[in-house]
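First subunit A sits with subunit B, and in the next complex the same chain sits with subunit C.
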Partner chain A sequence: MMQEHLIKVTNVSKSFAGVQALKNIDLTIKRGEIRCLAGENGCGKSTLIKIISGAHVPDEGDIEINGKHYKRLHPIEAIREGIQVIYQDFSIFPNLTAAENIALNSELAKNRRFVNWKRVKSIAKEAIRKIDVNIDLDAKVENLSVADKQLIAISRALLQNAKLIIMDEPTTALTQKEVNALFKVVKSLQQKGISILFVSHKLDEVFDLAEKITILRNGQNVIDGDTSQFDKEKFVYYMTGRKISESHYELQQESNQCLLKVEKLSQKGSFYDISFDLYSGEILGITGLLGSGRTELAMALFGLNPADSGRIYVEDRLTEIKTVQDAIKNRIAYVPEDRLTEGLFLQQSIGRNIIISTVEKLLNKYKLIDSEKMNIQINHWVKELNIATPSTHLPVQALSGGNQQRVVLAKWLATNPKILILNGPTVGVDIGSKTDIHQIIRELAQQGVGVIVISDDIPELLHNCNRILIMRKGRIVGEFGGKSITEKELAHQLSAT
Partner chain B sequence: MKKILSTNEFLVALIIIVLSIIIGSKNSVFFTAGNLIDLLRSGIVMGIFAIGVLIVIVSGGIDVSFTAIASFCMYTTTKVLNYYDFQGSVLIAFVLAGAMGLILGLINATFISFFKLPTLIVTLGTASMYSGFLLAFVGVREISNLPAGMSKFAKMNILKVTSENGVVSSLHFSILILIAVVIITWLLLRYTMLGRGIYAIGGDRVAAERAGFNITAIQFFIYGFVGLLSGIAGIVHTTLMRNSNPVNLLGMELIVIAAVVLGGARITGGHGTVLGTLLGLFLVIIMNNSLILLGVPSYWQRLVIGILILIGTGATAYRTMRSSRQLHRNSVG
Partner chain C sequence: MSVQINKQREIKSFERLKDLKAFHFIIEDSNLTRLFLIMIFIFVLMTAMKPELFPTIDNLSSMAFQFPEFGILAIAMMIAMLTGGIDLSIIGIANLSGILAALTMVKLIPEGSSFNHVMLVILLAMAVSALTGILCGLFNGFAVARIGIPPILTTLGTMQLFTGIAIVITKGTAVYGLPAQFSYIGNGTLWILPIPLMIFIVFAAIFTVILHKTSFGLKLYMMGTNPTASRFSGINNAVMLMKTYMMSGLLAAFSGLIIIARTNSAKADYGTSYTLQALLVAVMAGVNPNGGFGKVTGIVFAVLTLQFLSSGFNMLHFSNFFKDFVWGAVLLIVMVTNYIINHSKKKVSKNTNK
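For the complex of A and B:
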């Protein structure tokens, strides 16, 4: 007799070096259920996943899978019980073909010593047929899109006879279209009786997809319930432990100081005929699908990849921005899309990351760094932006996503910019930090900075921008006031062709 | 078809053909059987080394100790066999040198796997250690009277060509050893889980671990295998040279690594094929041996090989860059 529940975690606790990461967690997942696991960074989500998949041993508690009780679960036992984790990096091999990536793990699990390429191909074909998608199986994975890589990871998990698939923030790098396609796949898995544990803190996704929601906060299970019992406010409240109100950003007063004027800016293959103004105190949203030219435009404005033609006026002065130095001279700052590779020196300390762009101002008369000045500067920004860290000497990679983003912001705010370009300012940042970062952006705008926010997070744009430009295939196709358009309309505008 | 045209192997093959035609049109000696046999002969030792280096580079590592291992194995073996005045078959020399090489390779693997040290640092260190030990404790003087089995083996040719002016070129039996090594390695890399594991580690180590590959075991295999091949290459080298010199192989490692990289193996790991390696090697050998036929001074060879490496790796990098940009653009629609 099969139990109704696939996995039942009872009273599980885990601590690392005296820090309680999980405390008395209960979690039951039924067969064919889509469950959302939500919580801010550091709430214990990943520890819980690691316990379920056998990577960590709990200090106490019981894990029951398919009716079997485990005090400690080995990774290989978890796999045999049908538990599969799809990591954020998908854990795939960029140098191998799609077919081999799909088949390799299960062939390995079967203890095969030799490779039969025909079998590999047919296994892979069968696997992608199961989720009804189309991938070029002979292509090297490094040449495939993020969405395809994810589908490869999913079909690979299915091959291992998955009964529970854990997806760790699967939509972070996907466009809206790809997210929709993914949800279709997830729902078809559900029909096959496979349970999904979906880790996410994006509200819309969770409400769209999950039947049940489990929220963790500070290592404790704060609520467990049907999705229908939740609304946005309740969800955010349980996650953050505080009430967060959403309001629209409005211009304090119409300013007539034009900070940036762009005329007919073009870059072949990326964007064409871009014209817009940015006034002091404005938060201007620029949105579009991945590849619409939004990132290239931002990079052109910051001199990373200059435009081919067109004019840029900074404070009514015609200006050439050919290099990053030009941009900095004109007091333009740019917070890049991928803070890990473009925005931070991950192994360097928090303090050093904050001062890096202003280090010349911190020199003493011998042209050496004045450590007193430096510490004042570092402490100022840590306090100003509420960066939560025990020490500024820790490497930046030790911080959570939200705090890392604050460090990137601090680095640029230290240059005292007039124009601040933010590309995906809250990607991979939890809700609490997100609200804080939005608050920081608003305050900056109120101080007279012109802010450009590039994002595909629709609620973020609607609530924080007083104007939104929509880009499609390299051109601006529409302009809306932040209050004059609904989420639905904007989403529609974005994906229209 | 388009796929074949854009491979690295095709590019290298094309360069070889063009270069051969140029050299051949300037100096007709190039296309004679004698010259081709000489080219093959000079590629045997480097070929065995290159196959070992290929495996290491595919796994994302680098090994610069293989010439030191080869020198150690061949010189010690020669000395030991001479000491006992051994009259038996050359097989014993291969077994002895191979076993020594295996052990030295496993020492590399121990440092790399258990102490998690970077492969370049480990092999730089052990290379110096092995050759230092050899020179300090085993000997420094060249041995020119080889043990009986080895001298006999030195005369085993499978093909002999005499040119019009009476110069004899002979293809040594050890070409068969190279061919065997090539076939075994090709099968290993393509058709065994172990071989795919080597590619997997080079592609993404963490993912390989999660997939269930035993990284430690694979690394021990890789560096042990390289050691074994180096030992064998050492004996081949000695018999071809008809003497055993503890230092004259040292310094060859860079040109071998260059040949492998030229053949399309990426130094960052995960990419590289046996065919590409052989082509890369052949190109380097043609450069080494035949620029003289063109009247190019030998100093220029180093320069030309350096330029080739930059062009070769640059072309690969450029293609990768272009295809990733293409991908980006395709996602617009």
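For the complex of A and C:
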């Protein structure tokens, strides 16, 4: 008689160099169960996954899989027991074809010296048939969409006789349609008796998919129960430990000061005929799927990659923005999409990161950096934006995602912008910091700054923007008032074709 | 309330980080401290082995004449490396600009010229040299920043190019007959301080200020750390690169002036081993080959260490081959210890970040 539970983790603790990452964690997953593991960044989710897959050895506690007890689980043993992790980067070879990616692991595992391409192809075909999807097996994986890559990773996991598939935030880069397709696959896996551990902090998905929810906070179990026991508020409360109220941003008063007017802006291959106005005090949302041209538009407005044609008026003056320096001169600031590569100098200090765009204003009469002015400036922004750090000399990479984003914001707020463009302002930021960042954005708008928020976080847009533009295939296809549209409608508009 | 607690928790975990020495500037400075101790150790070792020769005024002064030309080249190499690039053409620039300066002097100072005339021509020759250095640097910078050729290939090419021009101009022979007033720059002393040493100190000071107190310096470090983020922050990377390679060229030209003044001649193939040695010094000094980190102080320590070693070996009558061997060994030891120490720190701080 097989046990009902596939895996049972009891009382597991783990610390790194004196820091407790996990404390007395319990987790049970039954056969054919879909369980969601939720929690904010740094709550210990990843550590727990790594313990289950054998990558980390727990300090204490017991792991039971298929009735066997392990004190030290080796990665090979975990794979033999049928535990497969699908990481966010999918661990695939971009330069190989889909079929090779799916089948080569098992070919290697069988220690074959020669590759039989026919067999590779047929193994791959069989694998994708199992999850009932359609992928071009001869295509190089780097040319495939994120969703297809994910399916490849799943088929590969199935070939290894997976009994438990752990998915680490699988929907981050997917469109609504692709998410639905993925959920179908997940549910069909469940029917085959495969258990799924689904790591996510997106409420809708969790409620849609999971039967059971386990929430971690600061390395401890806070709650474990049926999905039906939860509602949205409870879920957020357990994750963050605080109640977060949501309100709509409303325009204080109609302003007729047009800060930015864009007319028929086009860039070949990216966006076409973009026209919109941004008034003082507005928070304008721009949304669209990846590849809709939203990021390219922002980069064009900031002079990183100027548009081919069209006109830009800044405060009613026709303005050429050909370089970032032009944009800064016109008091435009841009918080980029990818904080780590575009926004921050990770190994440099917090202080240097804050002043880099305003250093020319911190010189004394000999044109040398005035350290007193510099420190005042740095400390002002650390305090103003509540950046949690004991020292501004620390490299910025030591900060959490939320604090890093505050540093990027500080850098641009120091330039005293009139127009602030934020691309994905709260991606990879914990819920607490997210609320704080939204608050900062609202305050700026109330002071008369024109804010553009580019995001695919629908609730974020609905709560913070007084107007939302939707982009599709490089064109603006709709404009909505922040209060006149619901989440469902907006999501639908986004993924319509 | 809970925000407060969160903040406190975050601050606490930072304090732990601090205990674990994750502070970057401490790591950097501990590299410098280690380098300083190695320098002192080598000095003491050489003194112990040759107490009657090594710690004498004569020897110290002779060393102070030898290392500046090389030390200035190392600073030139360092600033190119701060951008994440490299400048292999420095010795080519030094020789080319030195030859042009020497030719200016030889051609424009006939026998029996007045003192004023000679001084004027010397100044002109120095200007010619400086201008040559700047133009060569601009050429490098343009190729790297505007055309987009990787720095290592650009400067490998221009190294050959500049040396080639120098050979064509001189037909491979040395230029002799520099005025005595000029060779004072390479051989004279002010009180007991050799002129080359003073030039080196001046340049080391100027570049310490440029790197740490000007907006150019800050931007240079930041661009070297992450060129994408610097573009997104409004730094004009191309202009920064061109300026940096121009400075590198200018420094090389000054080094060239010291060389021709000291040897009283100019030659196209002088000091060909300097390029790689300057690179080694820079790496030993803790300049990150990926860009963004490195200090003039480190260069000073590293250059002195190698000078102590090579003078000491001369006194001990070691062969030149053995000298190369030990230089290489010292460099590797420094790099390996730095790597091991920094790596173990990184590991610890990475884990605590979880």
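Following the convention adopted for this analysis, the second predicted complex is superposed on the first by the 472 of 497 C-alpha atoms of A that agree within 3 Å, B and C clash if a C-alpha of one lies under 4 Å from a C-alpha of the other, contacts with A are read in each partner's own complex, and residues count from 1 in each chain.
Heads up, the rule we're going with is that contacts are C-beta pairs under 8 Å (C-beta built on N, C-alpha and C of every residue); 3 or more make two chains touch, one makes a residue touch a chain.
From a predicted model like this one, the values you see are computed outputs, not experimental measurements.
Looking at the shared chain after the overlay, A:Phe230 reaches neither subunit B nor subunit C. Of the two partner chains placed around the shared chain by superposition, subunit C is the only one that A:Gly241 touches, whereas subunit B remains out of contact.
When the two complexes are superposed, the chain touching more residues of subunit A, out of subunit B and subunit C, is C. In the superposed model, A:Phe480 makes contact with neither subunit B nor subunit C.
Contacts of A:Val115 after superposition: subunit B is touched, whereas subunit C is not reached.
With both structures placed on the common chain, the touch criterion links A:Glu342 to subunit C but leaves subunit B unconnected. Of all residues in subunit A, only 16-19, 21, 42, 44, 46-47, 218, 240-242, 304, 323-325, 327-328, 334, 336, 341-349, 352, 355-357, 359-360, 362-363, 367-369, 386, 388-391, 393-395, 398, 400, 403, 411, 432 touch subunit C in the complex they form. Subunit B meets subunit A in the complex at residues 190-196, 199-200, 202-204, 206-208, 210-213, 269-271, 323-324, 327-329, 331-333. By the touch criterion given at the top, residues 76, 87, 89, 91-96, 100, 104-105, 107-109, 112-115, 142-145, 175, 269, 289-292, 473-474 of subunit A touch subunit B in their complex. Only residues 1-3, 6-7, 9-11, 13-18, 20, 22-25, 209, 213-215, 218-219, 221-222, 225-226, 228-236, 292-293, 348-349, 351-354 of subunit C touch subunit A when the two sit together in their complex.
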